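Both complexes shown next keep chain A, but they swap its partner, so chain B is in the first and chain C is in the second.
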Partner chain A sequence: MAEVAPQNQNVDMDLEWMDKTGSWDTNAEPGRNGLTLADIQIGDYGEIPDYSRNLSGRPRGSAPRPDSMRLGNYTVREKSEIWMDNASFLYEEALQRQWSSATDVPWETIEPLPDDVEQAQCQMATFLTEVEFVAGDVPSRWVAKTSPDFFEARQVLLAQVNDESRHMDVFRKRALANGGGLMRSTGSTAGFVGGIDLSRDFTEMSSRLHISGEGAVLTIFRMGELMAYNDAEKTIYRLCAQDEARHVAFGVMHMRYMSEHAPERRDEIHSYLDEAEGGLLTSAANPAGTLNQTSESLAILLGGGIKKFDEGWRKLVAIRRRQLMEYKKRVISAGFGERFENGRSRLTEIMEQAAA
Partner chain B sequence: MSRAKLSFPSVEWFNAVRKEFNTDEEFHRRGAGHCNCVAGVKVGDDVFVLTFEGQECTSVEQSGELALADADFYMSMDAVDWQEMLANISKHGHAVGDYTLNTLDLNRFDGLATSVHGDQFREDMFFRFNQTLQFFFDASSRIDTRFG
Partner chain C sequence: MVVLDSPRLWNRLQRKLAKKVKKKTEESTSTHVKQLKNFEAKKEEIEIPEPRLNWMGITREWGVKVLPGEKGLTLGSLNVGVYGEIPTTWSDRGRNPRGAIASGARLPLAISVQDKADLWANSAATLYEEAIQRRWIPATDIPWDQLAPLPDDIEHAICQVCTELMQYANTDIEVITNWQHKMAYGYHEVKQYLATASFDGARRYEAFRKRALSNGGGLGLESTCQVNRVLLESTGGWTETVATWVFNRLLFALTICRYLERFAYNEAEIKLYQYVGQDLARILSYGIDHLHYAMNADPEKRASVGISITIGDAFLVRDLRDPVLKEALSIIFGAGINGVNKDGLDTFYEMLDTYVKEYLELCAWLKLDRKLEQMPTIFQADKRKR
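Showing the complex of A and B:
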């Protein structure tokens, strides 16, 4: 019988990697929310640099590898460009509050609807599928541009992309679930909404997408419960509104952080808000605004059919005012409320026009 | 169904709902889950403050009007409107039609949810955690409720 060599005796092992070059003896402990990202922001691992020189994809807190090649073309390397105080909470919240469009929507409650109502519902489903493409595409581009030192903010964006993916599929499913189908592409993504993707800077993108765009869509999702004709549609809109409110929270908190840590950019941000108020909130890009395909669909759904269009239109106008009021209060919450006091914003005038 | 009838609104009633809500996994899935906020409930002149942490509603306290200043948002209706909502929930096992929290909010001129501070970021938590809040009140279908 051949002699068996004792294990490891003839193996030349390189155990240099076992030198503990990062902080050791860390003992993160779970709290009431489980073991969250906030719970592991301890010691060196919780120190987020104001400026990131990490171009190698090195996980924050790990030992650097001096001979590493550059891995990412990270253009977002200043903390104030992307940070917010609640990133880790929003990420955990997003993961915890996921839902399935396949099994958590009571699809069996959908029953045949009058043709005009089904057509309006399908037009809105087509529109929402269209805009959710933008809402998914845009943040995904910024993930790869952001330094891994700011991974908490990246994680929130990744969770948002997942949310938007579900929104795309759930509205497509609704359009195809009740004898209708997809209707005309609205083209709304060619204007202001499409322009979100042309943003050169994360804050520019976030003010356009999270504050203006998603804030407006959040109101649409919420009013979805008023234009739902069964429990399935109510569930879809309510759950989408939750997701959208989380995305809006990202934008508000980021703008607050940016305002406090890079006040020299405040005027620049006001110009994005000028653009949004003139473009998105009042024009054809707003589904509750002047785009006929969506505003007429909404009025038909809210009224209960084309014969009750006027009744639906009155409800739509009331909701449009609420949409603008909520936008205004979010901008104030984000720290840019002076625009409503110093005459820079035309929102009050716009709200009066909306009421008329 | 709890054996003794519990009076709405009261701390005992909210605690009974809290127990049902905290212990049934069904209320922590399907778009619900972690929820961290302080929600006020105003029933006529009676004020209650509910604290949600993680997957649970961790406390209910009866307070005065001043306590609403610390709530992220509060839901306010006359007693008779709360009664109608709870009757709908009791009948169907969960809110249907015009009696979901979000629909009640949309159908009222001043909304159902509001705040003392006027901070939309905190008021938005009513939307962000809406399914959790809905499940909380839906859990009341298991409580034998008397009104007044």
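Showing the complex of A and C:
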């Protein structure tokens, strides 16, 4: 191509770049769901390196410049550290399922509630406003640390950041839309060792954020129908649940990939799961956990008021157990189920504590 | 392969998908609730604690009832009473939502951008809602079936420009995600808007990759990275990063997209550049609004903003000294290599002049003292060497 000279020689053209390309003659075609990320993973462009040497931020499959500077501050350069097999699917699904908290929630269906129920709803909304963006800030930070050679995984994380921002927003809206207001935050997401914020490794972070933290919140959202008093609240919980399910799927699929491709790290992952399990009920980041301001507000919502607190508490206990069972299923699905058979997991003991 | 030959069919497919998704979500929720009810039915003796209720009645302002307006219940409309009080400094390094009562005991997070002047833009809440309303999906909103084989030189040029624009998008993503977690929660409107902006960046990255890989071409040569470098290495101040980003990247990228739309070869490309253009215009709006706010709130910032732009200019000149982008765009604008000397290069420089004109207008609006004759010669039509 470089030898093709312009007819009019007014300007010297270099055109050498025309010979410096990635694989050529690529013809991705749209399928039933349009032209998806999976559709463009073809030929060389679908080959993801096990170890990324890309430090200039060039798109995977493009031709490198030998004189490029090392701009990217990428610490995640091994595929097994971040990869999962369904990233393209999760990303496209995230795009298809975007929603607007301003217009997709039927706010007009909200009607005045008894004061105890409104206070419980607002306490829960305050809590969720507080915790939801942990799941926005933390993945965001890891995006910048991850080589763009693994861009499919980064795209899913960016979709998550966007989702969490909407969750933070929708619960603030709920708290301020029905004669209530924000209440007291829990401080449960501060930076302490073993917390989501301070994880030094992506898989460590993901085990805490996606598998245990968001997993627990997902169970709550799925039970939203039981604690919703109108269509607006039902819609909020349903829409948040579908987002959250995607985030949890990321964690499970990543851990499965890690388990299969970096078996030498399995024991280390078990250590993260030990910590995650320890906090399943006691961590204040679980709205159904043992912190009284969230567990009591949930019991009031589930029962239908303070007078039916006992009934609500029974449901809360059932939800806690369900959270634990779902956690177990996820860990088994991720390929770490042996911990429930070899005595390493404390889940049976925690299951008993659920009723306490 | 299903041939979707009209926008109506695309829309129908989208509506069908949305219905399916809604039904699936409702079914899934009901199943989970049913399962819980079965579980709960197995009554057993459990100890029910006496509720402490010490959290009840603890609020800074109660009785708030924000009603949805014409555009629904928007983020900005929530700024009433104490909830709309946005302090000039947010000293809390936790995640206490603005207007809530902070929990007493907690460890601080690594939040360093705590002054309103360092990140605020009055338009952030509006831009956030706009980003959500104007969402688009590269897989289905671009009529990819409208792509048709192009002459090899033009396809090469388009693929090269797409590669460059992907790398711009990558830098946009990394700029935002490097900073977002450092920003204080009291200014959640900005954090939330930036969350949409990094997602927009992901969509740009994806859309340009899809274009490059779907018409017989492939990716080209990586970018020269000079402005990328300035943006990523600017870690001292968000305002200063935004200054370089606005003047030396976003405005430049938006100008390129507007010209690409004018010279697009098919409906798919027109749509692509239009969608990307609207996303870039939004992040540019945030940036301009922030610079305006920052320099008014803290006049000393005017100097550091000026220096940041000067440095950015120098690095943009380094990028432009490389012939690749210029040649690729000139080929696109000239309808092939043979049209470069006829129209292509002239259009490229016209594009550069448009960029410089808007750059200077923006400087004037922001009251930044900047004149054409102070700028590098490549930006001055009468002094530049072609």
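Assume the second predicted complex is superposed on the first by the 334 of 356 C-alpha atoms of A that agree within 3 Å, B and C clash if a C-alpha of one lies under 4 Å from a C-alpha of the other, contacts with A are read in each partner's own complex, and residues count from 1 in each chain.
The rule we apply is simple: contacts are C-beta pairs under 8 Å (C-beta built on N, C-alpha and C of every residue); 3 or more make two chains touch, one makes a residue touch a chain.
Computed from a predicted model, the values in this text were never measured in an experiment.
Engineer: Determine, under the contact definition given at the top, whether A:D267 touches first (chain B), second (chain C), both, or neither.
Structural biologist: After superposition on chain A, A:D267 lies in contact with neither partner.
Engineer: I'd like to know which partner A:V252 touches here: chain B for first, chain C for second, both or neither.
Structural biologist: first
Engineer: Touching A:E111 in the superposition: chain B (first), chain C (second), both, neither?
Structural biologist: A:E111: touches no partner chain.
Engineer: Could you look at A:E341 and tell me whether it touches chain B, chain C, both or neither (first, second, both, neither)?
Structural biologist: Touch status of A:E341: no partner.
Engineer: Identify the partner contact of A:A299: answer first if only chain B is touched, second if only chain C is, both if each is, neither if none is.
Structural biologist: second
Engineer: With both complexes overlaid on chain A, does A:A102 touch chain B (first), chain C (second), both or neither?
Structural biologist: A:A102 sits against chain C, while chain B stays out of touch.
Engineer: Pick one for A:R330: touches chain B only (first), chain C only (second), both, or neither.
Structural biologist: first
Engineer: Just checking: does A:D231 make contact with chain B only, chain C only, both, or neither of them? Give me first, second, both or neither.
Structural biologist: first
Engineer: In this superposition, which partner touches a larger number of chain A residues, chain B or chain C?
Structural biologist: C
Engineer: After overlaying the two complexes on chain A, where does the chain B footprint on chain A coincide with the chain C footprint?
Structural biologist: Overlap of chain B and chain C footprints on chain A: residues 31-34, 92, 96-98, 222-223, 225-226, 238-239, 241-242, 319.
Engineer: Quick one: which bits of chain A touch chain B in the complex? Just the residue numbers, please.
Structural biologist: 31-34, 89, 92-93, 96-99, 104, 218, 222-223, 225-226, 231, 234, 238-239, 241-242, 244-246, 248-249, 252-253, 319, 326, 329-330, 332-334
Engineer: Give every residue of chain B touching chain A within the complex, in rising order.
Structural biologist: 29-34, 36, 53-54, 56, 58, 96, 100, 102-103, 105-107, 118-125, 127-131, 134
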